[in-house]
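First the structure, in the form of structure tokens, and then the observations on it.
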Amino acid sequence: MNTASGFIKALESGTKHLFIKRFTLRYPEQKLKFVGDGYQFDPKKGVGIAGLRGRHILFHDKCTGCQLCSIACEGIAEAIAMVKVDEQWKQNKKSIMPQIDYGKCVFCGLCVDACPFYALYMTNDYELSSYTKQHLIYTPSQLAIKPIDNGDVELKIGSRGATHG
Amino acid sequence: MAGETASQFLPILYLFGFGIMAGISSIILSRLLSQRRRYNPIKFLPMECGNIPTGEGRAHFMMQYYSYILMFVVFDVMLIFLYAWAVAFTSIPKEATLPMMGFLGIMFAAMGYALFLAGRKGIW
Amino acid sequence: MGALNPDFRFGNFVGSIIQLVLFILAFVTLLILPIIFFMLFFVPLPVVDGQVLTPYLFFSMMVDPSRTLPIVQFLIHTDLFRAAVFPGFAFGALVAASTIFIERKLLAKMQLRIGPLYAGKIEGIFQLLADGLKLVSKEIIVPSGADKMIFWLAPIMFVSTSAAVVALIPVASGWVAADVDVGLIAVFAILGFFPLIILLFSWASNSKYPFIGGLRALHQMVAFEIPFLLSALPVVIFSGSLNLSNIALSQNLFWNIFVMPINAFVFFISSLAELERVPFDLPEAESEIVAGWLTETSGMIFGLIQLGNYLKLYALAGLFVILFLGGWYGPQIFPQELIPGASASEDPLLRMVALEGLYNPVTINSIFWFTVKTFGIILLMLITRGINPRIRIDILLHTGWYKLIVLTFINLFIVLTLIYGGILGPEGLISAR
Amino acid sequence: MNQPSDFLIVAAVLISIGIYGIVVKRNALRLIFSIELIANAVNLVIVAFSRMLPNPQGQVFVLFSIAISAAEVAVGLGIMIIAYRFYKDIDVTEYKNLKN
Amino acid sequence: MIDNKSEIELKKKTILLSKDILNSVVEKFGDRIKVIYDKRNRSKIMVDPEIIVETAIFLRDNHGFDHVESASGTDYPKEDQIEINYHLGSYVNPDLFPYVLVLSTKTNRDDPKTNSLINILPSVEYFERETYEMLGVYFIGHPRNERFLLPEDWADIPPLRKDFRLKGR
Amino acid sequence: MSSLDEKIDEAKKLSMQIVKESDEDKLMTLSVGPQHPGTGHFRFIIKLDGDYIVYVNIDPGYVHRGEEKMCEYRNYFTNIPHLERPVIHDSANITYSYSLAVEDLIGITVPRRGQFLRAITSELDRINYTLYWLAIYGIFLGHSTMFMWPAADRELVLDLLERLTGHRITHAFNIPGGVRNDMPNNFKEKCLSQINYLEKRLKEYEHIFYNNPLFRQRTEGVGILSKEDAIKLGVTGSVLRASGVPYDIRKVEPYDIYNEIDFNVQYMKTCDSFARAYIPFLDVRESCHIIRELLDKMPESGDVREKLLSNIKGPPGESFKRVESGRGALSYHIVSDGTSRPYRVKISTGSFRNILALPFLLVGSMLGDMPPIYWSLNYWPIEADR
Amino acid sequence: MADALFVGLSILTVGSAIISLESRELLYGGIALAVSLLGIAGFFIILDAPFVAMFQIAVYVGAVAVLVIFTVMLVRSPNTVTKRETVKRKVAGIALGLAFLALIGSLIGNSVISQLGFSDTVPVVEIKEIGRELLTYYSPVLIVLAFTLAGSIIGALALARREDIEEKNEPA
């Protein structure tokens, strides 16, 4: 009898799920919405601000070319190289800024923690795939662009189960 | 002569033929369409989880359940006799069921003993 | 055309196929059709419904479409048509194909997934086509040391044996490819081929995992053959015939499942085991023996075996309906005439649409109910796959040889008591005839 | 064609093939094959006569005959398996101790 | 809220327990055993390689250290020695649940050999195999001093030795 | 007899001798893994006598990366991202243990709110890992629905982790000194609602999986690891608790905030595969409970991180710290020589300790018992190889 | 049409019977035996005995052939060297077979059978009739058959088990 009731319970549970909402994110059509503008770090308090750790954003007007981010990355991924830029900033005498190779980056965000000048943050942009490795190297000017946040769905829990919508 | 019964069975042969035709034609089509790259002999080795296969593929391998196949040979026969009885069931007198019950009883005694033997896993 | 060139593009492929088809069409219309027409003047043609089949009938059909009907009627009563199209191969393959699609969508729904989505605009309805194309265009790898003859022949035999089972399943009164007097035993006899084919195929693969899988399949099928046959025994006692059409006809009063529910259950379980479906898919248990006896299959060989499996699924589900669910009996829902007053009408097009002379409400109804019931059983088989894990071989053998056989005999004796008690049977209170 | 004698001739051919096998072959399995062929040929003869007379008893006889030969195969293969286990061979000339 | 009293009591209890264990071991084996440290819930003793088996048997039978949490080795090229650590724990004695005793010994770096504890604590089997492979310490009495994690064609010195340098570092 | 026949006979006798000497014709050697749907990056060689396994030899190391050696080349902070690679689903716990060991070495304590956040990520990751493990357990037994459901419901936890730490897996969230960032706004409400929904879903698992008679048939009484054997083999985590030893590091040696949390240690005394499959599931329930309690008791504001230099130097000495991860005790033994890099790091993982029981359990069982026994040991090949 | 069927079946049956004995691989021999038995079932169908034919297929192809092929796989000799039959024996066998064939052939040719034919008018034997015969007149035979089958299965099981290994495994 225990066996029979076990089967019947399982059957009931299985058929019940035919009427529950599907729990799949249809990725290219739907994109998740995120909380903030990405992971940021406040050097004064020494604490980060929660957010997705996606592609970096570099504020050229704040970057001093101090290489701290590059040094922070040294033991991790060695993805950050300091390259010469054509721009002239008064806080950046050497005119060097980070260039990030996303073929190597592990998105740990320790470079953001290392930056004392609020110059390097992370954004919600996670669609970084490309056909060549060359395209994965982001120059400082590419890093300065603010990504368009086009996430539209969120995880919702309704009476007929959880779904993305 | 020999018309009616044989012609009843012919459509089975037709369908058998259709199956063979479908199979052969799809395999020929597949051979025409598909790539054939035969430069890597490793590709054609039998599957052994990514290792080079060791030992013989067709080992003399005996599962502990050989007895069940032996039993099947005998009890398959019993079943067809049961069908002969079942078909004639309505057109024979009631007493005629008794021999069948005797037959069944003997076979079941044998089956019980055979299952007992088969269940003793140590001896197979 | 041995191999596709590396920069293969699907558009080019389709384009070349279309070109080929157009070329063949032009060739046929310009050359072959005239020759055929010319020949047909000298060949005596059969007479259908008082009309001689001449090539010119084709032109008159264009004017009066209803003239097609007698020819169609003549055609669908030939053995070849029945074997090839309606209750036979094409119908079986169609049901098999729709079963695959339903299975994927249903299981996806149960598992909170979406299932096939992109092939075909609506919910991935052409997924099967895409899969078929994929399988056809894949390389067939014959493992080294394999027994080539058996390796190529076994999948073909698998499909054709499944198709042979389909031949025996009637879908309506008189609508069966092979109306055999010993239909039920014939089904069982043909099903007995499968263990042999699987064993040979697994042996031919020259690999360890297929061999273990083949042995498992052999033991499993052999263990479940006996309860499988035993569970159909009371049905035969009731109907007094082994002809499947007669068995279905004998249930015009009540369905057999009401008298022998245990046997129906046993039959269902055994057919699951016969089909190697979850929970009895241990010949293909991927976490133990990679893919069982299908490990070395690739490309179209795998496709053929799957086709055979689903044909077999249809055949066994149909057999369940015939044996236990009253065959094609069901309430009459189709009207007496498809379009009222069409037969009296003068319009040939209307008569064509109304299928005058072809449309038989009883047959159509029977086919409808048979299909509905079959899909119901198939659905049950699919849901079982969603909710159960696989079982172990010794438990399986134990179930097959001890529990199910005892269960069938319990029901057999219940049926015998009912007949000897004078409640059922030919002279019983509730008589079928 | 298609007269009783034709069936009898086919059966006779099968029986002579079986006799040839029994005489020539030393492989135990081939011997079993030969025996099966002979038994089936005899069944064929019985059914042919049953159809000719016509009489259903011939078919009943064949049913019994098939049943018996199935049992015989089961026992025969059982003997063969155990002999194989002792001698690691299926050549009947190797089975020397079975004589004692 | 933190139950300060019970916390302190617990601390005291474990400190007493560790004292007890270390005293008994030192009493048994005398100056062949050195107590390296005795922190909260952790203590370390250093024994001579010859008596490591006896010590393990003593600890297992008298105090209930029945398994190892970890076993490893550390290479000290300056001292020309390899240190083997067994982190013993107990599943039998509930008082010892939080307590880990480090039983360690030192062996010569050129020909590292030590007695295996596999017969006393079967749970060291894979740890010792790994240590053999990574540091080249031969465990006398271990049935399978052979390749375990490294590739089959490893032909370099054991990788966790300090003189094995990673490429490019 | 002709000379040819004699020669043939001689050759035959010779070959028969060889066969008899090897006496292996009834055994079949199977290599299970590394490319096997039932093992992952792992291999074991089994010998079969019919349907019974008579010999097992395990062969790990296919994903060995030398994490311990890598640790010696990086400082205490830059070790974090690569240390979480062995168990990307449970990266909070594997870095938790490391952070504890480093903090013990340099002698600091984490701010209270940071301790709570650490515990929350640890529990969320435990759920994440266990659901993943459960999904694979389902497909190992051929239960495709059980593969899909936990894999889907993991999304609930992953969503929370993404909000909190910025990544779905490999968070790099726990670092020596605390956690990287505070939790975002309205995280608490979101977390509570999703955890409540998850608990509702867990009930369905029981219906379709744990109470399914076929599942019970396959696991109950299979692969019995008695209490004595479990202790002898030194297994840990759910495997140990399924054998009747209520040993949970969170309870027996509470780290950080766990001594203030009220929860039960789940253990069973049946010692079989079913118990080993059921205990992690019960742990998930307990984790839901713990998360709710943590969110309840959490201080409203405060520091989450102790400020440390980026290349902090540990004093010479050593520390040994462990946490209860999804697979059992996960301990770090760190030796420092006073520089900014650890001198020696030894990672002792639950998987590595549990796999010792595999040959012990498999010998004598059937081939069909292999997947339920193997995966019930809560083994993660990459973590064991490190 | 029936003639073509008959000729085809004869060729199939006799040919595969020869292959079953003469094929180099024992496994192919087993398959050929199954085909030969299938051909005999075809003869049964031509002879209006469908029940017997199905019985033949179910028992011989479904069970016996499976058992035979399974046994072939089990006992495939590990020796690469195979003994060939001596020519003398072969000649003797062929001579004996041909002699038998000639004897039977002359018998058939000289007897009345060669003139007899199947009558088309007689009704086909029904399955029900077989069942009735089986259970009324031949019921004692059925019981004896049951004993035979029971004895055979028990005997086969007793033979095929590996007791020698059991003894080996027992501790001395």
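In order of appearance the chains are A, B, C, D, E, F and G, and numbering begins at 1 in each one.
Here is the rule we use: a contact is a pair of C-beta atoms (placed from the backbone, for glycine too) under 8 Å apart; a residue touches a chain by one contact, two chains touch by 3 or more.
All values reported here derive from a predicted model rather than from experimental measurement.
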Other chains in touch with both subunit A and subunit B: C, F
Chain whose average C-alpha position is farthest from subunit C's own: E
Distance between the centres, which are taken as Cα means, of subunit F and subunit A, whole angstrom: 27
Rounded Å distance between subunit C and subunit F, as computed from the means of their C-alpha atoms: 47
Gap in Å, rounded to a whole number, between the CA centres of subunit E and subunit D: 73
Interchain centroid distance [CA atoms averaged], subunit A/subunit D, Å: 77
Overlap residues in subunit A, where contacts from two or more other chains coincide: 10, 13-14, 17, 23-24
Contacts with two or more other chains, residues of subunit C listed in rising order: 110-113, 180-181, 185-186, 190, 203, 208-209, 212, 218, 222, 225, 240, 242, 290, 386-388, 393-394
Per-residue overlap in subunit B, given as positions that touch at least 2 other chains: 1-2, 5, 8-9, 48-49, 55, 58-63, 65, 69-77, 80-81, 84, 86-89, 91, 97, 118, 124
Subunit A-touching residues of subunit C, taken from the complex the two chains share: 106, 108-114, 117, 383, 386-388
In the complex, subunit F residues that touch subunit A: 73-75, 77-82, 145, 152-153, 155-156, 159, 162-167, 170, 172, 180-185, 187, 193-194, 197, 204, 207-208, 211-213, 216, 303-305, 307, 310
Sites on subunit F touched by subunit B in the complex: 25-26, 28-29, 31-36, 39, 43, 48, 50-52
Touching residues on subunit B, where the partner in the complex is subunit G: 1-6, 8-9, 58, 60-62, 66-67, 69-78, 80-81, 84-89, 91-93, 96-97, 99-100, 102-103, 106-107, 109-111, 113-114, 117-118, 122-124
Subunit C residues touching subunit G - in the complex, by the definition given at the top: 147, 180-182, 185-186, 188-193, 195-196, 199-200, 203, 218, 222, 225, 240, 242
